[in-house]
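One chain, subunit A, appears in both complexes that follow, with subunit B as partner in the first and subunit C in the second.
Up next is the complex of A and B:
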């Protein structure tokens, strides 16, 4: 598709500019703690969890999505790949929802490490990262192809 | 009178206009409202749809996240639009928010039917995933309210337009139609067309219907005025005519009157009063009948009046009128039916006409010289008498025709004045000798007629006639000297002597008169039926003879003439015979006298000489030297047989004149001495011999023989017949023969019947003989045979 090619090219340019040689084209994986008891999630489940629709895992455990705003490229890449939205749109979305206070946006990790920690600590936490940066204790439950 | 307001054009037109406008307006508003409602609903739907568009993304988030608060907020926002009645937001089956506007229950019930607008809400992240829907119910009452307001405005607008249009129409009508019509109407009310006034043309209407109307009204006024003028002219003319007729009526010389069918006079003019001798009174009688005037025969007048009434046409009559002052007058009256039971009549005095007419009638039947009746008068009188006889008023009458026998001699000798005197005297004598009831008439120059009534045939008629004739026979004194005239009379009786009325009677009396004249010594003859038979026979014979001449029914017979000197045939006498188609051969003495009388002898004589000439030419061609003699009547000389014609005939037919002898009688020489002598000399000079026929029967004057040169004498058969026995006859024939010889004239003896005659004649020295001894007259076919027998007959006479 032409649009997709265009976007991809734009992403590459952005990564090159912003990260300076970062591996922007690598696969993103949704990971959870190995103790979560969840082996895999569907894309639907991932969307529901991250965009605040259902915060419940198939196992009945509450899901805790973690955003990684310290890596804006990753975040942008994740939402782009997940729902084809820009971070600004995601923000606008949340800004409408936070008004009612019924649901909250994913927890914002101040750093990658903090993010990892939360993932490790909370069985229901669901995070995302580049596949090459995945620590072994984290379980990949869903993979977002490039 | 101005029209009442409800029947004025303006009102009625306005009414119609308003009705049409209201109807149209109502229809238009209703249609507009319906249309607007549909439009408004569609527009409302569009607007709401657009409204939904604006909240779609938020609704999508709210439904996606199942955020009730956000949904409620959204619904509240939507409700703020007045057109929205209620909003329901559902996420899947779960109702996130539901808001409804508070309103009147009445409206709510009306809105219950309203169909909610449904908008599906899709996930903001996966557009194909439906996450919920919005049910939005439109607020129809709001729309309806708007509609109502709109309708009000439209109606008000319509009403305003209507008002304006009505006003404009009314004004236009008022200005353009009603005011001009009113002006025309007012003008017509005050207009006097006879003075030449006409309607003015309203301004600006020169070509409009109003203008045409005005023009037409003016034209009609013109025509009416013209017709009125003509009518007035006619009326004036009629008055003049009436006065004129009245003047004619008053001043006419003819009496004019009018009566009803009873004869009552209703009107008359002065001339009528004068003619009818009406009494001159100031007050005319009211009931004056025309029959009460002085008519001598009122019944006749009544007849005329009835005739006029029953036939319905003009009837005229002359009526005698008794006048108090003198003799009767004749008034001519013409009655003409002019109306039912009304008759117009005119009378005028025709007394003078009547007198003149009477005198003219008298003149017509009167002889001017003698004053007795003329032929017409005689005929009229006899008509009356025959009528009276037929009615047995008398036994009959005698008609006596009287004629002077030699009146012409008197006229020639003494002149017409003397003749007139004698006629007048004769009239006087006749009138004296008859009764006053008898009629004396002069019917010709010297012929009178007497009609004697009640004269019995054979009793006293002859006596009366004799007495009358005796009177006429008396001497007439002419210039002092006595003169005697011979008079003849013929008498015929009515009704015995006629079977053809008065003309027959006249004819028979005329026959009797002719008979009386013809018979010497007898002055009076009665009509004898035999006379009529003879006359009829003669008439028929004459008719046949004319036809015979026309159709050449004659033939020539030839009797030989023998030369005793040379004992041979010398020739023949050619005798005419009439071959009548019915009666056969008619002997000459039956028709020759009639032919002489009627002049037919001329044509017959010419035919005879031509036929004889033809025969002579034939003999000449055959080399026979025979001669022919033909009889020439005294009537043919000198003009009936001119010598030149004879000469022409001889040269044309080619025979010698010497061979054609013309036999004449002494009578010829007696009658007209000069003419006959000239003719005789001319004929003989041309070479034609002339024989004197029947010598011895008449005067046989020897001086004739001296005066007229003839070539032969033919001694009449009456002398020859008896020469054998009668010595006197023998002496006479002998003397004649001797005398003729001395004149050097040959003699032909006629009537030679036997051989003795021939011997005797030969002895006397008579040269020629003719008679039955040789042959009767025979047709030409038999003549050669006769000629052959002649020598034998002569031989007999010689032998003895």
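Up next is the complex of A and C:
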């Protein structure tokens, strides 16, 4: 009996891991509005924008990053691939900047829809999503491979 | 009224004031946010013959009994964005400070203007950024150790100034070059046994250059302070010949702080190396070399760390020494010690971390500047045990 339960648990864990893995395998894309006037960003520029080091686009206008806290797995995956940091480390990083009166963290979208609206309404807005979830009016400016 | 009643009342009044102002609904179109940070920290040492302080703004340090005074802090901050370019920030902090109470004080209150992403101007009450982390050293959640290394940061009693700063950034060679200049007047006090050194009115100016690329950050910094008041020991100076006393007086003389730092922060690996050299244009505060190195490595929610810090000062030669007096006086300001520290940070839930740390401090018996209430038993060495719960909200 014990062995059978153990096997079943192992099977479930394998399935869960497999599914999670499949989800995380897809590319993540950094996106901007089609009207942004920006064709591509470098990894360093994406880091500067999302970590608040320097929020200027190659076009000269201000970059307005937006986070997706309503999808914690996406947010975690994004920062993992961008700077290899856990969400707790990103929060610690922001607590230093916020409580020393420096840059604010990216805008925290309350929903996927709000994030999309922000991205299409603001030419300087920069967001991220899974590549299969990208609406056609948003332009890919950087791709984060698995 | 007892001191503790006064402390509690001041604390509650401060909080009420802050919450009250926070509850006034901002005009529409403004961006308003309220947040805070805090640490509940307990510490004790293995040695009752001196009390090590977190920094020189504290009148008492850690003793052989567990105490919450050294590291515990609560801060509340309101941000008001008038437009994408203009914002106001106010922060109040309650902690064990110069007068032995937890009376809240305004640590930040400024208007910030960011006309372009490359330029930021701020005016009002601003945290001092003498060294890389010194404007956020009360925010325990933001760093790995229980407290910033005392050998390095402890000699700075300056937390804020009333003044202005300007910061600029520009891409350079695939990385980012940032710089900042600041100037302001101190409004703080530093306790001196049962007296207070009034630093209010002292002029602080400084600046730094940062270069960031990938996981690397390098910083060169300079800051200086010109005290507006003498140490509260005129009774001692008046016993000395005028020429000798004048060499020791700090008023109107500059103290200089040069610093260099390298951070390498790549995924789970975090390292920091900082060095500083301070020198004074008077013979009281000793010229000091200080430095530290921290290595931390995250494994899941745990970040064990190990570090080394050291500080060594030396007295100025006096033109008019009074043997037996001036050398004993100068020794009050001496630091000569090394610390090996190790511990771990556990991010056990969102916005909270628990930390434990042991500091093994070894120094010479005349290393007394970072301690309060030393006795004749003091031999320069002690072990310090610390636990903390850090949070942000």
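Just so it is clear, the second predicted complex is superposed on the first by the 124 of 146 C-alpha atoms of A that agree within 3 Å, B and C clash if a C-alpha of one lies under 4 Å from a C-alpha of the other, contacts with A are read in each partner's own complex, and residues count from 1 in each chain.
In this section, a residue touches a chain if its C-beta (ideal position, glycine included) is under 8 Å from a C-beta of that chain, and two chains touch if they have at least 3 such contacts.
Values in this document were obtained by computation on a predicted structure and should not be read as measured data.
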Side-by-side fit of subunit B and subunit C on subunit A, or clash: clash
Subunit B or subunit C, by number of subunit A residues touched: C
First (subunit B), second (subunit C), both or neither touched by A:86: second
Which of subunit B and subunit C A:53 touches, first, second, both or neither: both
Touching partner for A:145 - first (subunit B), second (subunit C), both, neither: neither
A:98 touches, of subunit B and subunit C: first, second, both or neither? second
Partner chain in contact with A:63 - subunit B first, subunit C second, else both or neither: second
Of the stretches 38-46, 128-136 or 164-172 belonging to subunit C, the one that collides with subunit B: 128-136
Overlapping contact positions on subunit A, where the subunit C interface meets the subunit B interface: 53, 83-85, 93, 96-97, 99-101
Residues of subunit B touching subunit A in the complex: 58, 61-62, 64-70, 73, 124-126
Subunit C residues within the subunit A interface of the complex: 35, 37, 75, 77, 79, 81, 84, 89, 91, 108, 110, 112, 116-118, 122, 126-127, 129, 133, 135-136, 138-139, 141-143, 169-171, 174-176, 178, 212-214, 266-268, 298, 301, 347, 350-351, 353, 392
Contact footprint of subunit C on subunit A as seen in their complex: 44, 48, 53-56, 62-63, 83-89, 91-93, 95-101, 104
Contacting residues of subunit A [partner subunit B, same complex]: 47, 51-53, 83-85, 93, 96-97, 99-103
